[in-house]
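Below you'll find a set of structures to go through.
You will see chain A twice below: alongside chain B first, and alongside chain C after that.
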Partner chain A sequence: MGTNFRIIRDKSAGGLMFILLILSIALLIAMGIGLYWKAAPVFEGRALKELLFSANWKPLKGEFGFLPFVMGTLWVTGIAVLLALPVSLLAATFLTEYAKPFVKKYVFPALDILAALPSVVYGVWGTLIIVPWISEKLAPLFVEHSTGYSALAGGIVLGVMILPLLVSLFIELFSAVPNDLREASLGLGATKWQTTQKVVLKKTIPGMIAAVVLAISRAFGETIAVLMVCGNLAQVPHSLFDPVYPIPALIANNYGEMLSLPLYEAALMFAALILFVVVLLFNVASRMVLYRIEKKAS
Partner chain B sequence: MSTKSSFNSLYNRYSHWRESAAVRRGKMFRPDYKFIRKSDESELVVEDLNVYIKNNHILKNINLTIPDKKITCVIGPSGCGKSTLLKTFNRLIDSVEGVKLDGKVLIDGEDIIHSGTEITELRRKMGLISQRPCPLPMSIFENVAYGCRIHGIRMRRKLNMIVQHYLKAAGLWDEVKDRLRTPATRLSIGQQQRLCLARSLAVEPQFILADEATSALDPISSKIIEDLFVKLKENYSIIMVTHTLHQALRIADYVVFMYLGEVIEAGDAQSVFNNPQHELTKKYLSGAFS
Partner chain C sequence: MKFFVEKLMRVLMVLSLLLVFGFVISIIFTIFSKGWSAMSWDMITKLPGGGFYIGKEGGFLNAIVGSLYIVGASTLLGLFISIPVVFYLNIYLKKNSKLAYVTRLAYDVLFGIPSIVYGAFAFTIMIYLGIKASLLGGIIVITLLIIPIFVRSMDEVAKEFPREILDATYSLGATRLETIRVVVRQIAPGIATATLLSIGRAIGDAAAVMFTAGYTDSIPTSLSQPAATLPLAVFFQLSSPIAEVQDRAYAAALVLTVIVLILSLLGRYFTNRFSKNKLK
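Take a look at the complex of A and B:
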């Protein structure tokens, strides 16, 4: 009797987990469909190409060109990754390969705190420190005038935000490299730097790609901190010091406010759909790249 | 044909010039590859070596002379410090946390324990074969060429020659010559160990340090490695840590028996195996503990 019960429980546990899994996947699909359904009115009479690549954003006249927002998101994310990637790579290399144990003991918790700070705090920091610094010190060297609320400010704040994420992902990757590999390289007379470069970094390239994709996906969606320092002007940026208007900021700023305008809600839903699709495609593409690299390597 | 050969000779002269220039500039420390070291006697003498790791006394007053061009087997029960001794010889022990070395290890009369030792050059001299074969994440060719590259050899032709030569020396050439560009991890585990041997030989060491090099292998593969060692002792001094007494019986010329961080007995294989002087050695050889 007892045995039977055990087996029933085992089977039902498996079934339950499977149902929950299906549910969470179904949720993803439902979100996609829902977004599309809500965004559908904006497609009427407008080509997808026009929506994505036109810079005319005049909701009052019913013109919805998303290029400024797409470009804004790309600029901010691009700057953030460009700034954070080298720093995090070197920091993680230092911490795993070079640092003494007591350094690790104090730095790891500090990184966790950095990662756990609410994004509003980063936004305030950006507004108080980065924006004035750009407008007073940095921008005058390059352009005539900048308020400081710019793509660069957004990139820096976002870069600092994804930094702890990247560092901790990289640390995990590098620590997973077996010590035997390092010893094999060192035993041939390689220096520590040669070993790091040619063995540790090389071994972890697939993982690093995955980590960067994860960081980019996060950067795409980051809203509050970016919204606070970006300037939020619907124009295609031409320099680092121009204000930009990333997609998440657009949605957060306007949803619930200007819904009396015809089609405005649908347009915002379309913006959300863009984010959804981009993140999805990005993840799928990175999986494919990873799969090919791993297949080649083993 | 004649243009081609004259081109080749010109190219050789160019490469020779380039590398000797590199040596003059101090970028490369060895003028040429001899392929197999025959000449100089190599000598390894250990004097009063003590190793501490975080206040644990791991090796106690080791005094040893490792004979040249022989297979020296270090035997003893687990945890007696065999691997630590081996790692001291190429200073890989430095990466262990809280380690303290004391005493002298003289290689060709030069003490390698003091802090001024050129570690990379020392490790080149002491080829290491680890217990588990550990191919680097690159192709078969690149694995063997890796050591040469990090020591400054860039000439493609030379690398080709070196890789071919040492893969042959490790008895692997015929099995892999058609797939040098495939990842080394696709080889079988026995092949991987021979690849590691080729990789170590390719930087022209004087000594081969083998840390239970056959314990992860199947009997056939370990037989191949053993035979290779016997062949290689013409040119290299081989120091081998082994767990299997039978292996030591088969191939050792010289035996060091260690127990709890001390060298209990060391001498010719014949005399140690047939006529052990120390009570502990007798017990170990008779299988009273292992």
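Take a look at the complex of A and C:
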């Protein structure tokens, strides 16, 4: 086997791998273009502002106001992050600053399981536990009647789903803070919590914001679990106990059936495009921040 | 005062940790207790019989086999595509290469794209190409969905690959391509973990296969036939008003959960083993 042949093989394999790598990046661009291209008909004669902020949803009459769905997504995502943030922050702080190593041995597998469970399983759990709890125990305290299929149910289920992501990101951030800083603070007489609060948490604020943005974008696109518990009613919600209809649920419930109405299909593709653009922007921004932190730490 | 806050925060932290455990236990317990009573041998060994959807006999073997077909094929395809990409990223490209940075960013974003968007996008492509909802469609969309998971989790391990070993192979006269054998052997546990993660995500995903794989009561015999999947079996049967049919959704959810639990425990096992033997 001549050396030349081996070098040629090395170079040509490199070329092939390079093409594979470029193709996979191109997938991202193709997705954006493909979705825009399919959504284009719905832009004709409709301003983007009208599409996003009008509450008129009458597909059969050609009126596509996405406000109920946008609000549905915002409510569910907002509740999820509000619930998951304090829990994950406290849990991650405990694990990095307070706990003995053996605690992690039990907590990490539990977080693994939460991260691995399929969304349809979360949906089943939500309909069996969370929805009845809301309709029988919680809602009667505040409103006259709620079926339990509500923004709150979607938010709780989604909140549990993003817990493992948030905890693992926070743990990574906190572990990167140098120990010298903690010791300096403790040496000056600060308590452990004061050290955590004034040194660890303060130092990692940019990273924490990035982590939350990442979790928001994950919550944004979650489909099946939320769809199963949130009621799916196309209206702008006014309370936690109102049913909501988030964007991913809209796509999942209607796609494939409405192909006979080209404009409806374009509207659903526009819904997918909204998800794509938001997730793209949020991900790029937060990842760039996290990369920089990672680089600094190493 | 500061000692009171200290105590309070400790209590809150322990509570939040207990809450995490509480959720895990509640979910697992709910699925097992509901699923176990609905479980029977017929469920996992029989196809849906006539009148299955009004509560008569049969099982959901169609969904189990359909899921295995899709997951098996897309995992193999995913491995074939992502190993070269990871290899190129870490061996061919320099440490501070701009292309490597952009690629990692692109894969992280792809990882974040919701599966419903993958599904909608793939469905459009399929209509364009004239492919109906089928096993093939399901395999394509799940492959696209798991490649970012493969690449990102293998890349995490490959990044740690000691440069000295590379230098040793180069000094023996190996080309970059020929070091692939050494690299693959070194990161094998990482590849195993990545594979388990990908299988877990692939088998549990419902939103992407909804439009692309379709649903059927029989086992597909060719790539162009539609295929049932476990998550959709749960989803569709749960939306039935009949209690017996709903019970089957719980049984299917139990099967899905057991598979995912095994995968997740195996993954943890591989990670622990690997970190013990890590070369530094």
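The criterion applied here is as follows: the second predicted complex is superposed on the first by the 256 of 298 C-alpha atoms of A that agree within 3 Å, B and C clash if a C-alpha of one lies under 4 Å from a C-alpha of the other, contacts with A are read in each partner's own complex, and residues count from 1 in each chain.
As a convention for this text, a contact is a pair of C-beta atoms (placed from the backbone, for glycine too) under 8 Å apart; a residue touches a chain by one contact, two chains touch by 3 or more.
Keep in mind that what you see is a predicted model, and the values were worked out from it rather than measured.
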Ask   = Given the touch rule stated above, what does A:F53 touch, chain B (first), chain C (second), both, or neither?
value = neither
Inquiry  = Quick one: is A:F43 in contact with chain B, with chain C, with both, or with neither? Answer first, second, both or neither.
reply    = neither
Inquiry  = For A:K202, using the defined touch cut-off, is the partner it touches chain B, chain C, both, or neither? Pick first, second, both or neither.
reply    = first
Request  = For A:A252, select first, second, both or neither according to whether it touches chain B, chain C, the two together, or no partner.
outcome  = second
Ask   = Should A:D10 be classified as contacting the first partner (chain B), the second (chain C), both, or neither?
value = second
Message = Per the contact definition in the header, classify A:F142: touching chain B only (first), chain C only (second), both, or neither.
response = neither
Key: Partner with the higher number of touched chain A residues, chain C or chain B   = C
Query = Regarding the shared-chain residue A:V121, is it in contact with chain B (first), chain C (second), both, or neither?
reply = second
Message = Looking at A:L275 after the superposition, I want to know if it touches chain B, chain C, both of them or none. Which is it: first, second, both, neither?
response = second
Request  = Once the structures are superposed on A, label A:S185 by its partner contacts, choosing first (chain B), second (chain C), both or neither.
outcome  = first
Request  = Across the two complexes, find the residues of chain A that touch chain B and also touch chain C.
outcome  = 191, 194
Query = Along chain A, where are the residues that touch chain B in the complex?
reply = 101, 178, 180-191, 194, 198-199, 202-203, 296-298
Remark   = Given the complex, residues on chain C that touch chain A span 2-3, 5-6, 9-10, 12-17, 19-21, 23-24, 26-28, 30-31, 34, 81, 84-85, 87-89, 92, 99, 101-110, 112-117, 119-121, 123-125, 133, 144, 147, 151, 175-178, 200, 203-207, 210-211, 231, 234-235, 238, 249-250, 253, 256-257, 260-261, 263-265, 267-268
Ask   = Mind pulling up the chain A residues that touch chain C in the complex?
value = 6-7, 9-10, 13-14, 16-18, 20-21, 24-25, 27-28, 31, 34-35, 38, 86-88, 90-91, 93-95, 98, 107-125, 127-129, 160, 163, 167, 191-194, 196, 214, 217-218, 220-224, 228, 248, 251-252, 255-256, 268-269, 272, 275-276, 279-280, 282-284, 287-288, 291
Partner chain A, residues of chain B touching it in the complex = 90, 92, 95, 97, 120-124, 126-128, 130, 132, 134, 136-138, 146-147, 150-151, 183, 185-186, 196, 199-200, 203
